[in-house]
Amino acid sequence: MNMSNNFTSWGRPFTDAKMDMYGGDVTQRYQLGAQQMTVPDDKFSEGVQKTQQPIVTGTSVIGLKFKDGIMLAADNLASYGSLARFKDIQRLYGVGSNTIIGAAGDMSDFQHVQHQLDTLITDEYCHDDGHSLGPAQIYEYMSTLMYHRRSQLNPLWNAFVVGGVDPKSGESTLAYVDLLGTTYSAPTIGTGYASMIAIPLLRRLVEDRQEPLNKEDALDIIKTCMKVLFYRDARSLNKFQVATITKEGSEISQSMSVDTEWGFAEGIRGYGGQTQ
Amino acid sequence: MSSIGTGYDLSASTYSPDGRIFQIEYANKAVENAGTVIGIRTKDGVILAAQKLLDSKLLVSGTAKRILTADMHIGMASAGLRADGKHLQTRAREECKNYRDNYMSPIPLKHLSDRLGSYLNAYTLYSSVRPFGISTVISSCDKNGPQLYAIEPSGLYWGYQATAIGKGKQLAQTELEKLNFDELSMRQAVFEAARIIHLVHDPTKDKGFELEISWIGKDSQYKHVHVPAQLYDEANELGKTQAESGRMQE
Amino acid sequence: MSFSPYTQNGGTILAIAGKDFCVVAGDTRQSEGFSIQSRYETKVWRLNEKATIAANGFAADCKQLVKRVKWRLETYKHAHNREMPLKSIARMVQTMLYGKRFFPFYSYVIIGGIDDDGTGAVYGFDPVGSYERETCRAAGAAQSLLQPFLDNQIYFRNQQPADPTNPPIPGTLPLDNVLAIVTDSFTGATERHIEVGDALEMYVVTNSNCDLGALQQITQSATKTDLEQVAREEAEFNGPKSCKTFKLLRQLKKD
């Protein structure tokens, strides 16, 4: 019996997850990642370190498309393992005036990315040619950056949600970029825990909705999701910010919280911890 | 030019017997022939204005700007060799970026003028290079308040309440000295700058020009930008009529 | 535990060549593990009037590969004042894939289009550049479901020909048959494979002699968004006799 800790292989023939149609393990057959072994060793190679795991981390980011634009949310917690280390961290960040990104994963890598984006925006501003970078351009830049770093086997340990509205065309962008350089866009996006807990809610409330979604209702949906995430995600905090981007511009809210109800917890038995 | 033919003017690394470096003085000549640039520091922000002399009637208006941006909060305008001015912008951009990389905050203008001053000065020390043929006015407005500096080809830099460089320097400075800087608003300074640029221009003698005005301060959300089109048109028109009537009276 | 630079993003792709056309298709689901990331993320891209590419596997590698291919085609156009021929694109892609032999693009690539003499062509690749010209090819998550079906329907394997003296020849099926086979392939794969579904994009690359009756029929019966001519402006520029590429969109089950 092969009990994998990789949940995606549960319920499948045990090698199926990695196997191609010929029954071979593709990662072995083509020696995927072989570069790790072929990097030449020198006297200092042990002193050269690349990020192998995140240290201070942020949990999920969620985002949705509504009638006039994009709404994102992320809580204010930066954890150090299971320690709730920093409780007033902003994980939403404005890039130019029409784009906001939300970051999950390593917070120092996130700060590095913020700095890179600042430099990009300032360089662009100094050209003074009447052009500015919209959300689609920021998305492309971040995809290239993240894929480049993963290809050096030195990833930026993050998952980003990029949201924005192009001020000229009015077209809205909601997209995802992560440490592997994986990218996609969708009407609703959630990273990490939110991809399992919030996405089903968001898909029902946003994508299956018949009438257009206005800003007020969008905020209600965001709050519902943040509440459920707070109930279920042990690395989350009931203190979060919401970013709204429309054709008119973007704003990041003050921190807010939702009312919670823990009365039911009293009656729960049988999940471990209790002795009777 | 008694120095010509003496041999002491061929290199920036050679003094003349009376202690001068002629290459720097020649660089200043390049500045004196260029279109006028003025800077005015008001209590709320800083204005730059430039007279872009048009070498050809075929140039597209609004292109090849003389007032450049080095960072969100820094404007610069050079008088002299245009290519040297563009090069200094590139250097200024790097200095601003470098400061942000190291300190995570926008560079204060006194630091930038010092760094650019040192950069220009390095080009006065070696026989293999020539000094920059530009003077540059730089403007900024941040938590240190409005600031205005001008850098000379020698690398010397000074802070100013208001300054002028280029062809119309003398007359412009006389006009600037008349202003009451305690009262002057950014908007008023735009009009004064436009008036002075038109005033120092002699339409019978000089080439045609295009006026450029930028500002940074309260009225521009503390970003360096060219002034809004409507304000520009107003200031440009009024400046032109004021200068004309001024000349009539003479 | 060291960083793995790869993941699998599911989905499946397929191409079938005809006498004077080629169909290149892919579903639009992108997933990782049991999560559907997006229901509409394309894996098929039109390269030029005679070539369309599909790439499947690790989405980031696929997108990077296609970006590079497009860039090489652009520079080729500027250097030679013509489009790169299909067989040359195929050879170039093998070089690009093998160029990363020891840190491969985890991409299964299929190129479909019209070759130099005007017939439909399909080129299938493995991730490190091994390639061959074929009549049809399926790749990706549901390759093992689709390829046997295509072997039977396109190559006529394990079929008794009605007339043994005149057996059917692979690569000669008419367009409407091929479109039906592609659609059925994907509805079938959607039923039996969790990583396949949401929507189906079919690119139909045609040469100037191709009978477009099947497409016209679809245009009349379908809603406007179901059919979109990708190369309209280019076709008009090149005159009515040039190759045209059409894009058909079909919805698949989303569960």
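When the chains are written out, they are named A, B and C in that same order, and each has its own residue count from 1.
Here is the rule we go by: a contact is a pair of C-beta atoms (placed from the backbone, for glycine too) under 8 Å apart; a residue touches a chain by one contact, two chains touch by 3 or more.
Values in this document were obtained by computation on a predicted structure and should not be read as measured data.
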Pairwise touch network: line, ring, star, complete, or other: line
Dominant interface by contact count, named by its two chains: A-C
Centre-of-Cα separation between chain B and chain A, whole angstrom: 46
Intercentroid distance (Cα basis), chain C paired with chain B, Å: 60
Rounded Å distance, chain A centre to chain C centre (Cα mean): 31
Partner chain A, residues of chain B touching it in the complex: 65, 68-72, 89, 93, 96-97, 100-101, 104, 223, 226
Complex contacts: residues of chain C adjacent to chain A: 1-7, 9, 30, 32-35, 37-41, 58-60, 63-64, 102-104, 106, 127-128, 143-144, 147
Residue ranges of chain A in contact with chain C within the complex: 7-8, 20-21, 26-27, 30-36, 38, 50-53, 143, 147, 150-151, 153, 155, 176, 180-186, 195-196, 199
Chain A to chain B touching residues, read off their complex: 115, 118-119, 122-123, 125-126, 128
